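After this come two complexes, each holding chain A, first together with chain B and then together with chain C.
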Partner chain A sequence: MTQRTTYQFRLYVAEGALNSVRALANLTALCQAHLPDRHKIEVVDVFHEPQRALEDRIFMTPTLIKLAPAPVRRIVGALSETQTVLLALGLQ
Partner chain B sequence: MQSHRSRHVVPPVKSATGIVGFDDITGGGLPYRRTAVVTGGPGSGKTIFSLQFLTHGALNCKEPGILVAFEEPTARILANAESFGWKLAELRRKDLFFIDAQLDPDVIQSGDFDLGGLLAALAMEIPKLKARRVVFDALNVMLAMLPDAAARRRELYRLNEWLLARNVTGLITLQTNTNTTGALGQQPFDYMQFMVDCAVILNHCVVQGVSQRNLRGVKYRGSGFDEDESPFLIGKHGLEVAVARTRIRADARVSNQRVSTGVKRLDTMLDGGYYRGASVLITGSPGTAKTTLSGAFAEAACERGEHTLFIIFDSEYAEVIRNLASVGIRLDRYVKNGRLRMIPARDITVSAEIYLARIKELAAEHKARCLVIDPVSTWSKSGNDLTARSVAERLVDCSKAEGITMVCTRLLDEMFSPSERSASMQISTLSDTWIHLNYLVQAGERNRALSIIKSRGTAHSNQVRELILSATGVTLSDAYTASGEVLMGTQRSEKERTERAATEAAKAVAKLKRVRLDAEETELVARLKSLQTEIVAKQLEKALLVSITERREGEVSRGRTQMRALRGADVAVIDPK
Partner chain C sequence: MNTASLPPALSENDEISELIELLHRTEQRLHKLTAGEVDTVANRQGRTLLLSHAQEHRRQHEAARQASIVDALPMHIALLDARGIVVSVNDAWRAFADSNCMSDDGWGVGVSYLRVCDAACGANADGAQHVGTGIRAVLSGERDRFSIEYPCHAPDQQRWFLMTVTPLPGDPPTGVVVVHVNISERIQAEEAQRALQQLLTDVVENMPTAVQLKSVKDDFRILIWNKAAETMFGVSRDAAIGRNVHDIWPGQEGEHMYAADVELASRAIMQDFPDHVISSRDRGPIHAHVRKVALRDERGTLSHILVVADDMTIQRAA
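Up next, the complex of A and B:
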């Protein structure tokens, strides 16, 4: 894995839900620890953009989609188990 | 505290499912604008249940619906629904919306989550479609992803509240691993049943190698419902739940009209024939002419121009037609003109429920006025006795409701087991007329005997009659009873011949005796006459004697006076004065 690859994330959240807030916090912390300066996070609120959520087939919130680098990965939940998340993202 | 007594309590409105029988059991369907849950094992019919609920709503209730499917892709659901004749593709344009919520198998779960995304999608689609019905099919797939039971519970609660707030009728189906109809508290999602307003369990099991489906309402807040297990089947047009009593149509048609049994003498015995709409049971050992008797009934029905359905379990229909033709019952012409429909149904691996559904369907299709099932006993072979009985009960109910006269035959083996006997007894209690056929083996002969065991509301003969089959037809003949013995066949005719001879002999003897008596009488009269003559002679003689004696006495006294005068005797002696 090259050091220059930029990680693109899209995080679907539900407005005000505790696990969504937690997911965003966990993701930010994780990126800062493992991917400093080479990550992009887009946060989409399903209640504000339901059509987009439906098109992306997001039924559970929070859902994190790793858009790049390939392969595309989906992680559902508050991202509280760091080891699992790192493994899923190919960072370990 | 404020009194609520003045408030008019209205029974909860129902949301019709369009499932035959289910709306009867629940008094109208699922609770309107509430949430119901349907649980069941794999293949128990949950998806069909929910699709039918949605289709009916969209087509007949002006209630568009949304299906959230967690287990099957939309395309597959649509394909499956096509086989039931539901035009989902058409409805989908404006009255149905499908959300394919199948989970990506590669998805990774880490930490707590909720159904926010789904609710957001629904919050968008419900107003767009003006949806009034929302179905979550196989919600358990989604719930299984949640980390713990508390989270599952929380999400279900949230979903339920969310649906209630949106005034839609919700239906959640849940898969259970076990296919048991366990009591409340034994299911993996039992708390779900506490939460919702209506809970239904679908059960699919195999009894003696025959598939049986049952449906049972577990709870229904604020409404009465049928608490027993009701058998159901997946028919041509979706689920069909069997209801023991079609309440609306009960006692719909009670007819006083009689229909011929096809045997003239039997009509007489029954005071005119069967009642229209009656259920007739013909029992008997093998070969006692049960089929023949039901064939005679079918022929008579066709002659009257009534559409008749003849269901044969035991043999091929061509054989039945040939065999019946040998006793003068010609059914082939009616088969040709379409009045009679003969259905062979030899496969015995189907459950009694399916038989019933097929028969009902065929009867409706053929517009049958008369129905023959030969023999109905095949049913007890498929599945358990209990279902067979309830099926028979419903068959009787439904033929009554339709005014169909039904003749069923039932095999009664001479060596039947006690349990079979009891089962047959049960069926016989349902029928209006019960005719029993048996053999009488006497003097090296086997003869058929017919007796009417019961016939409700009909004066009927108590006599055992001999059933005679010949090329010209079926006839009944008096059985000969002598000193407590019933004689049939040759013995009967022999006895009749002897009887005739004896009568003739007796006649001759009587004649002879009469002649003799006549002669005696004449003789006596003659004797009487001669005696009378004799009496007259005697009387004359007696009179003669009297007159002679008188005369002689006169002469004597005259002589004495003369003598006295002659002698000059004392006069004073003669005259004392």
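Up next, the complex of A and C:
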């Protein structure tokens, strides 16, 4: 994996719900700190796009999917434990 | 009879009770397993459920957002329930109450607005009772809106407000929103306009020169006829206003005047008649120095003809 690899994330949320709001804030902060200029975040609201949630087999929100680089990883929760999240994403 | 509206049988009640318990236990267990970090869960068919703590957060979040919007508005806003009791007020309402020594009772929250209106006495009693009637009419659904403008002067300030009452959804409404908007600037501007209008009227009325103003679009009918015009032409204001020169000077004299007005309107220039002989009703023929000016409106369209005339009869005789 090169230093310039772009990380692609898809975050499933329930808009306005506390954990979802926190997860997006934590993910944004984490990307700015560890992946500046090499990340893309797509936010999907399960109430607006339930079909996509079903296709991605999302049973809880917030759920973060790291789509690229491989391997695909999933993390459920507000992403408040930064070290755990970094480890799970293969960033440490 | 609609069986769907019947209460469940006793055996069904037991089942419902068990399901409710299961629902609570399930949610508590989910909360524990996910350390409270999950907002929604979905079944295999993709049906999503918002968990109760997330529902509560969303409700509070939405309420706070709505309150921020209402608090940002400069008008004083109060929400009344179906009984007319003040349920909540916005920042502008609280600030007005604070600056007018009315904050002792929690800015009116919990107070019956209707009772305050009913109990009003003194100079404001009639107005307050009218407001109470208006609020009741909106609360009952009889009216879909009520509004009133009223003075509310402070010792050092003249103030006026516009009060509007609009219903909350429901039939009958579940409450009303009462909004007071400070309209002092508009009222003061209107009063200043009225005062200026009166001043201009007084100036025209008391000029020693006869003044007429004719409407171009209304067949040159007379709109202004001052005191000096009454004296010079021997025609009262009441006899002149709303009429044109044909009515005041029948025959050839009126025809000539009317033709001159039409010509002025078509050429839109100033006309000057230094020695114009006109019939005065009570003095016979008089000599007058007459000037006519075409006036245009803000769009540049010719709108009026201003006629000023000075009686030169004595000078001519001398």
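FYI, the second predicted complex is superposed on the first by the 91 of 92 C-alpha atoms of A that agree within 3 Å, B and C clash if a C-alpha of one lies under 4 Å from a C-alpha of the other, contacts with A are read in each partner's own complex, and residues count from 1 in each chain.
What we mean here is this: a residue touches a chain if its C-beta (ideal position, glycine included) is under 8 Å from a C-beta of that chain, and two chains touch if they have at least 3 such contacts.
If you're wondering where the values come from, they're calculated on a predicted model, not measured in any experiment.
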item	value
Which superposed partner A:Leu11 touches (first chain B, second chain C, both, neither)	neither
Chain B or chain C, by number of chain A residues touched	B
Which of chain B and chain C A:Leu54 touches, first, second, both or neither	both
Touched partner set for A:Cys31, first chain B, second chain C, both or neither	neither
Which of chain B and chain C A:Pro62 touches, first, second, both or neither	both
Interface residues of chain A shared between complexes with chain B and chain C	13-14, 17, 19-20, 46-47, 50-51, 53-54, 58-62, 76-78, 80
In the complex, chain A residues that touch chain C	13-14, 16-20, 46-47, 50-51, 53-54, 58-62, 76-78, 80
Of all residues in chain C, those that touch chain A in their complex	34-43, 45-46, 48, 50, 53-54, 57-58, 61-62
Footprint of chain B on chain A - complex, ascending	12-14, 17, 19-20, 22-23, 26, 46-47, 50-51, 53-54, 57-63, 73-81, 84-85, 88
Of chain B, residues touching chain A in the complex	99-101, 104, 106-121, 123-125, 142, 145, 147
